[in-house]
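After this come two complexes, each holding subunit A, first together with subunit B and then together with subunit C.
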Partner chain A sequence: MKVTIKNWVGVATWKWVANDDNCGICRMPFDGCCPDCKLPGDDCPLVWGQCSHCFHMHCIVKWLQSQQVNQQCPMCRQEWKFNNK
Partner chain B sequence: MNVENWRLKIRRKHNELNSEDLSPVSLTRYSEFSGVKRKRDTLEIDENMSDNSSDFSKRANFSAITSNGINRNLNILNLKPTTTKKIVIKNLKSEPKLPDDFREQTWGKLQEAVLAIQNSRANEYSLEELYKAVENMCIHNMAHTLYNNLHVLIDNHVRRNIEQFLAESMDRFLFLKKMNETWQAHCRQMIMIRNIFLCLDRTYVLHNAQIASIWDMGLELFRQYIMANTLVQTRIVEGLLMLIEKERQGDTVDRTLLKSLLRMLTDLQIYEKAFEEKFLVATERLYAAEGQRLMQELDVPDYLAHVDKRLIEENERVYHYLDANTKPRLIHTVEKQLLTDHVTNILQKGLDGLLEENRLNDLSLLYSLFGRVKNGHTELCTAFNLYIKKRGRTIVIDPEKDKTMVQELLDFKDAMDNIVATCFNKNEKFSNSLKEAFENFINQRTNKPAELIAKFVDSKLRAGNKEATEEELERLLDKIMVLFRFIHGKDVFEAFYKKDLAKRLLVGKSASVDAEKSMLSKLKQECGGGFTSKLEGMFKDMELSKDINVAFKQHLSNTSQELSAIDMTVNILTMGYWPNYPLMNVVLPEEMVKFQEIFSKFYLSKHSGRKLTWQPTLGHCVLRAKFKLGMKELVVSLFQSLVLLLFNSHDELSFDYIKGATNIEDGELRRTLQSLACGRARVLNKIPKGRDVEDNDKFRFNNDFVNKLFRIKINQIQMKETTEEQKATEERVFQDRQYQIDAAIVRIMKMRKTLSHNLLISELYLQLKFPVKPADLKKRIESLIDRDYMERDKDNPNHYNYVA
Partner chain C sequence: MSLKIDYNDSWNLIKKVFPILDESSSKQQEASENEFYKTLSVIENLNLAEIIKTMILTRVEREIRESYVPKFWSYFVKVENYEEGFFKFSKAINFIHDCFMQYGSLFLKLKILNKKLLPESNIYGNEDPVDALRLLFRATLLSQLPIEHKDIIENFYIIALSEENNRDIADFFNLSQQSENNYNLIFSETNRKLNKLDLLEPLVGQVLTSLIYTTIENHVQKTCKDSFDSSYLTTLETWLETVIIPWLQTIYCSEYASVNEEAVKRFQRKLLNFLYETYAKVRINQLFNIIIEFPESLPALEDLRLCLQKTDLRSVLIEKLQKSMETRLLHPGVSTPDILTAYVASIRSMRVLDPSGLLLETVTQPVHQYLRSRDDTVRCVVSSLTEEDPNDLAEELVRGNAVHVDENALSDEDAENWTKWMPDPVEADPNKSSNIRRSSDIISMLVSVYGSKELFVNEYRTLLADRLLSQFSCDTEKEIRYLELLKLRFGDSQLHYCEVMLKDVADSKRIKTHIAQIPEYSENFNMSAMILSAQFWPALKDEKLEVHPKIKEQMALYTKGFEALKGSRTLAWKNHLGVVDVEIDLPDRKLNLSVTPVHVTIIMHFEDKKEWALDELSRVMQVPPTILRRKMGFWQSYGLIEEVKPDLFCLIEEIENSVSKAASEIVEDYESESAMASAQDQRKEELQTFWSYITGMLMNLDSLPLERIHQMLKMFAFQGPTIECSLQELRHFLDAKVREHELVYSGGLYKLPKSDILT
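Our next item is the complex of A and B:
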């Protein structure tokens, strides 16, 4: 062996695994954060419903709170259930 | 003697009081309470006695003043008040009469005395005698005649004196001298005469308001004759002017003579009428000519020095012999002729040179002189502003100077600040104008200055830049922030700064975290949190990565998998914060892929719902390489390591093979090979030799590699930034701007509902903080119309309606 690796500094970028680019409620990109937050990351996470739709957590919680009767997904009108996979 | 007397009295008084066994204080008490009459009597007696004693002392005092020798005897006499003598005053038997020829005789005496004084002869009568004579005449109602006679006498004398000047045609200087002598003599004589006739002044003149005092009469007569004989008057004035001009030309002249004669004119109250006007006209003429001439002949600094000298001279002139009231008009005349009329000329001809050569003293002088002129500072300020714009433009506009632009700008700013501070008295108008000018010229070339400032900061913040201490760096950053403030396209700066910052952070090249943080806080202060939120996010990512790596190491040691000894660290970036990097799929050696997998698994177990994408372009490694002459450590990029690792199994490889085995993008691979085989440290040998990498080239591991260092950094050859990368950055900036324009248009239209095209454009220019072309705005409006955010008015195509 002429050459061996002693140490290695790798670089990786992370992204949310979402089925859309933008949040269906605030229309902000998932790479960013919801309008109430300043920085994306663990402080402004995404959540998935069982209907497979995905939103900023802050956005969907706000939406669910504003609903009087049924808790529905704003995209498909199915009953909203968090998908805790 | 009288003191003794006093003591005697007091002692007697005391004895009396003591005999009653009472102190003076208790005595009064006693009398108050019991009201015994006898006590009161003693008190009264006492008072009487004290009265007497003071009487004695007074008399004694008086006698002491008059004649010291006999006071003893006098007191003895006075001590016997018992023998009173009566003195009776009776009327005179016959009224005393003045001698008949009293008037003639006395006047004769006085006349003779006055004539003697006027002709500087010795006086045969004593002054007291003369004084008495005047007093007597005043007492006996002859004051009027006396005054008139005196008037005639002085009149005659003055007339004779002045007339002698009419006849003689002598040299001007002599003439002045003689005039001065005459005047001095006149004054001297009049003082003498007034002293003798003091009584007349004090009684007769004082009681008749319309009659002038003797001194004033003398002046009045002198004035009359000088005024009457214009020839004399003009000769005096001309002579004076000649002397002054001579002095202005640099000769020394008799200042006392000048002063005395000018005082004479003032005293005679003809200074303003006869002299001042002509003097000012002469001054104006002289300096008008001089101003014209010297503006041609002299350099501006010399000219200014000359003007300053002139002003000092004229001030001195006022101080030494001119009347103080002349000063404002005289100085004004000089200023007007030497400065006001030449303001534009001076500025055009000299200011640029002075600023260029940084001649602080001359500039200070210029500033103070122009302060005298109306609007002088405004004009100077305008010229200063123009100079900065002109000079600044030459720094900014020339692409050849791009390398040194920022440093030059900093130096230029320093120099100008220094001038404002030291020469222009920190005048706010000037410092504002300075800022305005900088802002103006820096933005004459769009984007480039912002880019270069960002790169300049990068070069200063990068590690290995040991030229400055922390404080110096801090100060430098402050100065750069001043330049940054002037720049309109702050987003361009941000884009480039972000790119460079990313590089510094990922490669670990940043010189000091403190300096980075301080720069960041400066930017935040300047442009607000929105501007820096992404930059801050980058720092946050770096900190999070550190924690993750610690946890990852722990995880590795816990699981104790069979792995080669690679020390792996990973920087995890949040997509939104960092610049976009091109995605590349390269072939990694098996062990590295394994590491990546382990790490990805570890990371995703901590952060669910995420996806990791590896960025091979940004990675770098330290390799241990075995050469014939020993071990070396190579600090290389990931691409470089991939290439080098291939040589573990082969000695010689072709370009095509390497390309296939690593799957590195063509251009990137060529640059990588070039850095390894043609750079400073050649760990590979290229066959055939040459600077550029061709398709058919072969590469061979350089076993004979020699370097005196153990740890060697092999630099990546940078892509020519001027082309692609730079374009990309600018493109990104342009993209960002389009969103901002869209947002601004919608904001405005939402508020106004309907708006004409021109009004919309002008409002946009108010809102947008970066330079835009009207054509770009039009494009954005079209695009918004297409997307149904707004529409053209049906009746008026120049109007837009907001569509809700």
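Our next item is the complex of A and C:
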């Protein structure tokens, strides 16, 4: 007997490879989207800082804009730098 | 003038003028006019007028009482048929009329006597002695009324009425003209006499009225029996005006009683009202059927609406309809889609009956309650909303957007149409705005069965997910169209999740084409994936399945492709979901099948190794043996696998005849299961969040009754956005825990089991 698979339609869920489930700023799941967005994934991406913390891009940008003096990571208070890995 | 009067002569003279006073009833010749006036002067001289008059009246009274009336009533005996009754009645009337006429000359004299000698007095309150005579007849007749008199009168009028009703037909055929004329003649003659005697109303009125009522009732019943597709109201009205009313007029309006014209008019109004009432009652009794046949039965409904405006049958209608709904619709024997269809039809037809919507609200209340108690209501509503073949609900959805009226704001339309504004009926609840009632459309009413949109939308989401994951086609055009329609109704925010779901499907398609270009991937078989945003889909059923290594390899490749395409993201496969096209080459045949991943994995393992013990395979595939056995049934039905020994399965490549026969007997177990976790499971999970509260509570307070637990949960745990949990639900949850030995229930108190505390 020989079994040949001609077409396989599977089901999978996608998720961000991150060290946490929820965004530290909006507390929404990373796999969802920030409160301002409607669509997850490409439209509401994550960004990582050099301190290894990650957030919804929209969330951290909003946070950084609200900071007058020092641009710090809201989690560890280190200076925020985008990690362009 | 001499003062001496010959009394004897005078008495003789008086007796001659008034023969009734003569006891010895010997026939004398008629007194002349001269003698009459002479008598008058004698009476005047002797001052006897009062006495003479009384004497005459007493005699007359006695005569009527003792001979005429008993004879008259003697006609009224039981008869065999209507015809006999007809003639008996007319004979009786003739007789009494003759008796009446017999007094004619006597009362003429009495009248003159009365006028000349006793101008102040009257007889029984009547100035005219003839009227008094009528009164006398009437009173005496009625004082001796026999029991069966009604039958004969009824016979008489039934015959007459049926003659009237048949006249058209008789005219047409020119049949029995003779006999008909005969009847008519007798009929009109009798009526004339009755009128003359002033006996029509007292003797006949009651019988006639009830006869006409029955006639109308029968006619209405006969006319509109079980046919709803045309309007009968005008037909019935004309029937009343052309048949019944003229007939009544011939009875009442003879030359003697022109005053009765007004009475007939009044009676006509009454009859018309009765007609409406009867018709409305007939229709109300049929209302359930009318509703079921709704668009075809519109004329009947229009009729009923008109009748309702003229009669006071609203409450009857509500009561009857609710009752028939309860007995015919709201019981377990009726399927939910049927109830929904009937419900939609009743919404539509009630709107015809009563634009204010109050009727609808009252009548459909029990249906609401009943639908709420059915589990599959929402599912049925949603699926019929989005069904492909046209049905009422889908039409309603396509027709247009719901008008969500602000409760307080007076809409422009209202302001413009103020002349047409109608106040709410008196029964209306003043707390509710009439705008809401008036504008409520079918879908929002259906949704309001459950009180919230969310439940409805959630159900739609599950249904959509089910459909997307069972078809695996990327053709979502239709779904998008429905989603847009639903969005018009429920608003964007509610259906946002569904939008993401559809976008996932579209994205999956794009990703597939991207990955197909990767060279090492395309070496192998074709694979694609539905890539879901887990947060936005309903909870998927969680089943474990370890797929065949070959497949795993390909999946890993696909994942890699995805990771390359979308930075920092990866895939988690739901191995048990999906659909596989597979070709199985056997020495003697070829099978082309479309199956689930579990089935494929089983057969692939058998390709590697011809014999598997159930345990072993279950370990490899990480599927519980019971489920695995069920799944193997699929292949057994194809005759590919056989259970040679208990729990030992073997691949069979070539079928012998005997085996195939046995195989065909195995029932195919290929049920289509929903990929979603059931609502019940989800709810259970929600309640599970309270479990820690409950254990904490019981740890501290030892044992608690159900109500206390519920109260405490209400105080501490139900705050915030968590869903409310009813006492009933909590009881179910706790009872389930008792069954799982995580709780002990005794004497109405819940307790943690002892061992639990010790450990």
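The criterion applied here is as follows: the second predicted complex is superposed on the first by the 84 of 85 C-alpha atoms of A that agree within 3 Å, B and C clash if a C-alpha of one lies under 4 Å from a C-alpha of the other, contacts with A are read in each partner's own complex, and residues count from 1 in each chain.
Here is the rule we use: a residue touches a chain if its C-beta (ideal position, glycine included) is under 8 Å from a C-beta of that chain, and two chains touch if they have at least 3 such contacts.
The structure displayed is predicted, hence computed values, not measured ones.
Residue contacts after overlaying the shared chain place A:Trp14 against subunit B and subunit C alike. Residue contacts after overlaying the shared chain place A:Trp80 against neither subunit B nor subunit C. In the overlay built on the shared chain, the residue A:Trp63 is in contact with neither subunit B nor subunit C. Judged by the touch definition given at the top, the superposed model places A:Pro40 against both subunit B and subunit C. Residue contacts after overlaying the shared chain place A:Phe55 against neither subunit B nor subunit C. In the superposition on chain A, the residues of subunit A touched by subunit B in one structure and by subunit C in the other are 1-17, 29, 31-32, 38-42, 46, 48. Remark: subunit A residues 1-18, 29, 31-32, 38-42, 46, 48 touch subunit C in the complex.
By the touch criterion given at the top, residues 469, 472, 496, 499-500, 503, 507, 525-537, 540, 551, 554-555, 559, 562, 566, 568-575, 577-586, 597, 600, 603-604, 606-607, 640, 651, 653, 675 of subunit C touch subunit A in their complex.
Interface residues of subunit B facing subunit A in the complex, by the touch rule stated above, are 506, 508, 529, 533, 536-537, 540, 544, 564, 566-576, 578, 581, 591-592, 595-596, 599-600, 603, 607-615, 618-626, 633-634, 638, 641, 644-645, 647-648, 701.
Against subunit B, the residues of subunit A that register as touching in their complex are 1-17, 29, 31-32, 38-42, 45-46, 48, 85.
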